[in-house]
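See the structures that follow.
Two complexes, one shared chain (subunit A), two partners (subunit B, subunit C).
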Partner chain A sequence: MTIEFISEEQREALQEVANIGMGQAGASIAKVLGEFVELSVPQISAVGAAGIPAALAALAGDGIASAVRQAFIGELRGEAIVIFAEHSADDLAALLAYGDALDGPASRELLLDISNVLVGACLGGIAELLRTTIGFSAPSLLADQVASSQLLRADGISARCALLVEVRFGIEKRVFRCHLVMLMPDDAVAALRRALDRFVEEL
Partner chain B sequence: MDTAADPGDSCALLASLVERLDVGIFAVDRSGTVALWNSFMAIHSGKSSTDMLGQNLFAMFPELPRPWLEKKLESVFVLGNNAFTLWDLRPYLFRFANNRPITGGLAEMRQNVTFLPLRLSGGEVSLVCGTLFDYTDTAIAQDKLHDAIAALHREKDAQAQLIAKLETAQNQLLQSEKMASIGQLAAGVAHEINNPVGFVNSNLQTLKKYCQQMLQLITVYQGAETHIADVELRREISALTQAMDVDFVQEDLPELIKESEDGLVRIKKIVADLKDFSHVDQTDWQYADLNAGLDATLNVVWNEVKYKATVAKNYGVLPPVECLAAQLNQVFMNLIINAVQALDESKGMGTITLSTGHQDDWVWVEVQDNGLGMSEETRKRLFEPFFTTKPVGKGTGLGMSVSYNIVQKHHGRIEVDSVPGEGTRFRVWVPVKQALTVD
Partner chain C sequence: MSVSVLVVDDSAMARKMLIRALPPDWDITVTQASNGAEALAHYRQGVVDVMFLDLTMPEMDGYQVLETLRREDLNCLVIVVSADIQEAAQARVRAMGAIAFIKKPVDAERIKAVLKEYGLLV
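Then we have the complex of A and B:
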């Protein structure tokens, strides 16, 4: 299913914004974590509601994964979902000054903390480039250690379709890896288009 | 903004608002020095804003998780985005007493804290403001909800188990009621048969005597035949004697009577066994001879056995056993029928060995077959209600479970010994005397 959300020009602009935004985000995240974070080139796609769980599952790959969601609010509106492979986030406990003994609540809180940092840095960067302000809700756990196909249930999705921007994170010499997916519902994409047009004009 | 009075007033309004809001509000700079401490924080921490302003937050609250919180504050300073702590993962940031000293619940106030970046001059974040919300009531409500759900789950499980037990009990009841009515029927039939058998037997005895007398008389008459002078009459007698084959009748008559007598004895035996087996008149605990019970039971099911197996008996001397004889007979019947059905028909007649014995205060009754034996799976599930290896419609799967319950009621046990391909041996142990227990 392909949905023509945005024009080719807008799409290129979004890719550009995302690339620059991720670069800045990487630098900020490195400041917080004290380690250099590798970010992939953002991938932009459009999916129907039914396709969202499958798209997330495909990113997570086979096996067990956890997911955190966080809303972003403002001119640009949507939800960011961060998907963690199995226990790979535990690897970052020390970087965020968690104690050695990581119990259930602590390891879940760690997921939320990492998500908050990644989402804030990446989406904040994009918003800044687009000269708009966005706020964030508190992150919440969407799925804790489930089969990757169970991360999100299709019948729970309220949007008809969504624009999806995906970035992969990793840290050299660490097992930690996760995916950040920025999802904007179809009815919020108009605002994004306006912001992108503005961005193109100002170039 | 109609009331756009002078800026001093609106600043005072905001300051008063921050001070009075029923939310903990505080702010620290990058070094951790406190720049704002509202009354909510003051009241709950017992440290006034005068105490706090200009002091290092971690110095004033040594119990705070310092490295972790510093990291969190740092991320807000660096990224300029909110950060959060949530009560369900981290119950509280500041150890504040809850607001339920009387009604109780949780010892510490549950808190959600949001850390906000404040940019006072230009772009850089100069302060991080913490807003602390009291979530204790929510936490208590959620705990109660969790408990209630857990209790519901436990109850549901218990009910499911109970329903399963009830079903089993009901089916066993049905089965034993069925057995009881079969027993009653058998006893009734036996009683009804007894009557005619009684007078047939008595008549037969008389008939036998009369026959003997008549035969005696005929023999004498035959001896006197030569003395008959009337030739015509002699010829007539001779013709009749030949036509009636009187010689054979004389020979056959006692045999017929003997066979009838034997038949009657067998009827009486079967009737007695039926009554013995059903024991409808004996629903109380009584002392009974288990060897006799085993024999009676074998007779009742003999029709099932005789074409398929030879029965070897190896009975020991048993003391009278305190038991519900009819019920133990039911156990023996189940074991014998199972033994017959376990036989491998492709190998011709099987052998079923019935043994009994006595050891200390216990007696045992054993039924052994040389049939197919049982798999490990069958052995494990042997006494499970509705478990059957027989084809649909052949077995209820209740025989062994009912037997198990009957033996349990006798405070006894059933031992099973089975080798696939070689056969199975069941040994029922029951105590000679029931301990004085009230069931």
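Then we have the complex of A and C:
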């Protein structure tokens, strides 16, 4: 997939900045869970609005998934979405020794908490590197155990196109898997481009 | 004689950030590789005194490079440079023979301190 609205240099800078943010997020949840967290190489792509639900479904893979969304505001703004593979909440509960039978509300609460830690550390780290500050809305549940193709509906997206920054977290020998996706509408990408140019110039 | 340095990272940006953070007065020849397999290929072609090694890379990651170096009894000083800053990651790479772990974003002073500690820089 080609990236039409950021340059190759900006994409490389974003990838490295996302990599560092992801590392900070990974270290944060590793501490919370007491487990070694496996990290991926961040992927960056540009997608049209109509393609966003399919892109998220592709990340989640076949089957059931849940998702939490959190808006971020400031010079950089957009939506962070954390997609959890099926049974991730139960796995988290087991790791945190909550007992094996989590009821619905407790299980949702857990996903919100973990998302909050991931998004805060990852995007906070990115913002710090880009010398800007961002604020976050409270996390809310976007989808609760739905087919991955139903995670997000195309008509719920206001942007024409979006920049998708994806990082993946997993835990060795566990089913827990999640993806963090940053969606930035095209009119917010100009600010991101400026911040990335600044970052590259200061290198 | 100048020190042969190999910088291994899949991100050209990260390699640039690291190379700029190296002490300006350090007499070195720098070679770059964008994954573990390339790094080992470079290594086998000649001398590498110091390798700055990223962990998360496609093709062959940093852990696999460390494993290969150890298994094949290859000899160079490996400094891991990673965004994966989990304590367990740091402990793992040290157990696998890396002499130091430097967190991204890299800090020039920290690199200098490590180089001095190992007598690579006076």
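In this section, the second predicted complex is superposed on the first by the 192 of 203 C-alpha atoms of A that agree within 3 Å, B and C clash if a C-alpha of one lies under 4 Å from a C-alpha of the other, contacts with A are read in each partner's own complex, and residues count from 1 in each chain.
In this section, a contact is a pair of C-beta atoms (placed from the backbone, for glycine too) under 8 Å apart; a residue touches a chain by one contact, two chains touch by 3 or more.
Values in this document were obtained by computation on a predicted structure and should not be read as measured data.
Partners subunit B and subunit C, brought together by superposition on subunit A, fit side by side with no clash. By the touch criterion defined above, A:Q15 lies against subunit C but remains apart from subunit B after alignment on the C-alpha atoms of chain A. In the superposed model, the angle subtended at the C-alpha centre of subunit A by the C-alpha centres of subunit B and subunit C comes to 150 degrees, rounded to the nearest 10.
When the shared chain is aligned, subunit B comes close enough to touch A:N116, but subunit C does not. In the superposition on chain A, A:E166 contacts neither subunit B nor subunit C. In the superposed model, A:E79 lies in contact with neither subunit B nor subunit C. Looking at the shared chain after the overlay, A:L203 reaches subunit C, while subunit B stays out of its contact range.
Using the contact criterion defined above for the overlaid structures, shared-chain residue A:G124 touches subunit B, although it does not reach subunit C. By the document's definition of touching, of the two partners only subunit B reaches A:F136; subunit C does not. Across the superposed structures, the minimum distance from subunit B to subunit C, using CA atoms, reads 13 Å.
Across the interface of their complex, subunit B is touched by residues 28, 31-32, 96-99, 105-106, 108-109, 112-113, 116-117, 120-121, 124, 135-136, 138-140 of subunit A.
Those residues of subunit C lying in contact with subunit A across their complex are 10-14, 16-17, 20, 56-58, 82-89, 103-105. Those residues of subunit B whose C-beta lies close enough to touch subunit A in the complex are 67-68, 70-72, 74-75, 78-86, 88-90, 112, 114. Of all the residues in subunit A, the ones that touch subunit C in their complex are 9, 12-13, 15-16, 19-20, 22-24, 26-27, 30, 36-37, 39-41, 129, 200, 203.
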